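Shared between the two complexes below is chain A, which pairs with chain B and chain C, respectively.
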Partner chain A sequence: MRRRWLEIILWLLIAAPLIFLLRHGLSFEDRIVSTFGTTLSMTCVVIMLNLLLAYPAGKRIALHDGRATHLFELLISLPLFTPIILISFGLYFGFIRTGLSDTFLGVALVLLLPTLPYSVRMFANGFSAIGEAMLEQMVNFVPGRVRRFFLLTGPMLESTIQSVVLFVTVITISQYALVTLVGGGVVRMISLEAFPLFSDNDREAGRAIVWMLLLPAMLYGIQRLLFQGWKYLLRRHLG
Partner chain B sequence: MWRGDVRPAALLISCMLISGFYFSLRETTLADYRQLFKDPNFSDSLFLSFYVASTSTILSLLLGLLFARVAAKHMFRGHALAVPLFVPHIGAAYLALLYLSDVPIIAPHEASHVSLILTYVYKELPFIFFYLTPVYTRIDRHYLELAGMFGLPRHKRLWLGEGIFLFVPVLEVALIVFAFILFSYEVPALLGVTQPKMLGVYAYELYTTGDLSSQPVALASTVVVTFFFLFIVAGFAWILRPFRLRLTRGIGR
Partner chain C sequence: MKLELISLRKRFAGGGDIGPIDLFVADGTCAALVGPSGSGKTTVLRLIAGLESADEGKVMIGDEDVTTEASSKRRVTLMFQRPLLFPHLSAVQNVMLAMKTKDREKALRLLDRVGLSRRTDSYASELSGGEQQRVSLARALADEPGLLLLDEPFASLDLPRRRELQILIRELTEEEKITTLLVTHDRGDAMAMAEHVYVLEDGKVIEQGNPVELSLTSRFFGDGIEIGGEWVPLQELSLVLRPTKGEAERVMITKELRERGMSFFEVVRETGERVILHATVPFSKNDEAFLERR
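Right, the complex of A and B next:
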């Protein structure tokens, strides 16, 4: 009984503010839609880069105990403890030289700074939860690397990949300073629309926020669907 | 190689951090640092940032630990706490603007900064909860029973049965959250007062607004703040090192 009350009170405290927002409705102006497109593609690119880089890194950290691995692990978690916005002032000078300033790719790269450390940690936890013995067993079962990923490792890491996708999405879409500093206003993300509206306390702000809140839920839903399909195919393949 | 590789990720991150730091260092002269240290707004914003970051961290840490403890004993699963994870930080700040604006002392743009702290608790409490719950559930209950068998007083029992195992993860997550709040820009820019500003807002405005001559001062602040905080983190790591080794390898081995 006490437990149920705790749940109900928590739900009210946490979720209620969000429900009232839905009355604002959505707007489909051209500019908002194109910004939304950029945001969506940026988020997808950052998620993909995160998965590609964090998967092997997390695996190595979970399975190795060497001095070099520890050093690299420390390097990867450095952005958690450094002022990334301040670092990006200087980074912009470097990006100008390499032609990455004010480009989509440059923003995608700089967005890895606040996201990649978390992803690597999550993958390391995921792999150590599966355990070295189990991973070795899996190599015996399915020797092909790609096949093994699709048949065993991928589905077993479902919850890890889910949290990575959610975290990366939420962090990516709420970056305003990094995107303006490195994207130079050319790369327009939803936060660039929302931030000025919020700071002026504009009535239109409600619409921007609904978009911002929908995006993580949407990507999370898409990712859930993909996993369902994956597991469905797997079951058919095995059964 | 099926055992993975850390190098690509580490290389990318360190390249970006080093080039950012290098250019900040190169574009500044000693005079810029002197100007930075003479600016009273800089020290004010340092104090404010420490105040906001430490209060929010401590509050969300205490609540997160409490909830994680309850969750580990299977009294509740904490699904509701997952909701703020879906809300971006700017979104959370907007919620504070929307719902707290008419409340007297804790409203946004008040010198008490309570709305700022509440927003961070709303966002970081779930993070801490989901970080610590697996740690809590993994603790072997037998240690607590053993401590009980020896008839130790309650505080000693808790420390030996749970505290020791939580010590390192708690400090780790606290440091992550603390640094995140300390250097953030978006939320304090929306909810903070015009003077004093949080560190991120102070540096960002120094860099973007006004004339180009203040840009080097902003870069100087990068160098100072980065060094300062890395020093703190290195200190923590040094203190925790023996602790960590003993815990992961097992005592006496």
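Right, the complex of A and C next:
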């Protein structure tokens, strides 16, 4: 009973400032709504790309040993050691040639630089925690990779996936330099809208966009709901 | 379903090759593959299960050559040293997962058979080590496997739980006529379970036979110790007791001596060498006791 009350108090403490924020800061100007849409879709695309690329890469690093794996790990981790802005300039010139600069896809790809190395590391840790023997047990009992992912690997990597989603969301919405460089002001995301708030102390601009900072919490909530649904389907499948 | 390995071989870039191995386990019987750590027992098991691919030779399960078949297509289940239950599933869901046609009633019956009828909805974290291993056994038998592969399944259990699980596995595999191959470095486990023993060393079968016969003759499997680099069977040894007062007494190591209360010699086999772990002798603490060749 006491725990229940503690939970309610905790939720109230989280919700109170948000209610105040929404009451005074909510703006539905076209520009703001469009920026929100771009930020949301960009975050979702970068999350999906991270999940699709980091899952097999992390598995490879966790379960295979040898020179090729170490080299692969080093390459994946390179953006952690080299200043990202340097790599971004290099990519920018490449993107101009391939027509990817000032495009949504170009920004999505450049946002992989500050996120993918960490996501790969998180998945590698997740797979290490599951362990090779457990993964072999899965292969022994459940045929088919997709089926295995739905029944076993996915739910067992829940906390890893949650961490990746939250981390990628926070990094994506807070990148200013990369989005400006590759997006060229055409791809407008929350960080661009927030710039006047920090450069000119423009509180009105800040008031208009600050509610978008709810995005991480929103995506985290959606992702939790998806996992609940996943578990429900799993329970139904296994009776 | 009989198991047959014909000149099975696996090569590794860094050495430690396995094989060629020839092994046969008759339908519905239990054989043990014993040997020191690093002898290649688990690799052989993985080759049979299809978790590693063989470079040469054949794996026959029943009359079928499954050497190139995927693991999930072989009618083989594995039981490891750790129970490896899927933590997000309950005991009954773990068992059902292993069934091709999900039959909850059958899963409940199996859990009842392993003595867990009251823990069917418990998760792995809520079960003791012994209980988890029993769920693991029920799961391994859920889809009526042709072949059950046991990779040191008793190693993490205390003695009473170990004996309990050994009896349970024997009962269930005999009832269902499931062919079983046990991999272990523990002679007691092999003696308790197997009708035939293969001794593996450096990736090759060096000895095989009935466990009782092997216990008298085998360097690895038998009772004996290393004296001056030479392996001596216990039946060739005497226990010399030198009391603080009076004359020394030479005692043969016989069954009778065991019955007089001397606990038998335990050996560790980590390196393949035999080392006396302890020998409890029912004589005065002041007596000196040592082994000498007769």
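FYI, the second predicted complex is superposed on the first by the 210 of 239 C-alpha atoms of A that agree within 3 Å, B and C clash if a C-alpha of one lies under 4 Å from a C-alpha of the other, contacts with A are read in each partner's own complex, and residues count from 1 in each chain.
Assume contacts are C-beta pairs under 8 Å (C-beta built on N, C-alpha and C of every residue); 3 or more make two chains touch, one makes a residue touch a chain.
Worth saying up front: this structure is predicted, and the values here are computed from it rather than measured.
Participant: Touch check for A:L86: first (chain B), second (chain C), both, or neither?
Facilitator: A:L86 contacts chain B only, not chain C.
Participant: Scan A:F141 for contacts with chain B and chain C and give back first, second, both or neither.
Facilitator: second
Participant: Would you sort A:K231 into first (chain B), second (chain C), both or neither based on which partner it touches?
Facilitator: After superposing on A, A:K231 lies in contact with chain C but is clear of chain B.
Participant: Answer with first, second, both or neither: which of chain B and chain C does A:L151 touch in the superposed model?
Facilitator: In the superposition, A:L151 touches chain C alone.
Participant: Please work out whether A:A133 is in contact with chain B alone, chain C alone, both, or neither, and reply first, second, both or neither.
Facilitator: Only chain C; A:A133 stays clear of chain B.
Participant: For A:A194, using the defined touch cut-off, is the partner it touches chain B, chain C, both, or neither? Pick first, second, both or neither.
Facilitator: Only chain B; A:A194 stays clear of chain C.
Participant: Applying the document's definition of touch, where does A:L40 land relative to chain B and chain C: first, second, both, or neither?
Facilitator: neither
Participant: Which partner, chain B or chain C, is in contact with more residues of chain A?
Facilitator: Of chain B and chain C, the partner in contact with more residues of chain A is B.
Participant: Where on chain A do the contacts with chain B and the contacts with chain C coincide?
Facilitator: Residues 139 of chain A touch both chain B and chain C.
Participant: Which of the residues in chain A end up touching chain B in this complex?
Facilitator: Residue list for chain A touching chain B: 2-3, 6-7, 10-11, 13-15, 17-18, 21, 53-64, 69, 72-73, 75-76, 78-94, 109-110, 112-113, 116-117, 120, 125, 127, 135, 139, 145, 166-167, 170-171, 173-177, 180-181, 191, 194-195, 198-199, 201, 205, 209, 212-213, 216-217, 220.
Participant: Would you tell me which residues of chain B are touching chain A in their complex?
Facilitator: Going by the criterion above, the answer is residues 2-10, 12-14, 16-17, 19-25, 27, 70, 75-76, 78-81, 83-91, 93-95, 97-99, 101, 122, 134, 175-176, 179-180, 182-186, 189-190, 199-200, 203-204, 207-208, 215, 218-219, 221-222, 225-226, 229-230, 233.
Participant: Mind pulling up the chain C residues that touch chain A in the complex?
Facilitator: Touching chain A from chain C are residues 46, 49, 51, 70-73, 76-78, 80, 82, 84, 86-89, 93, 96-98, 102, 104, 139.
Participant: What does chain A use to touch chain C in their complex?
Facilitator: 133-134, 136-143, 151-152, 155-156, 158, 231, 234-235, 237-239
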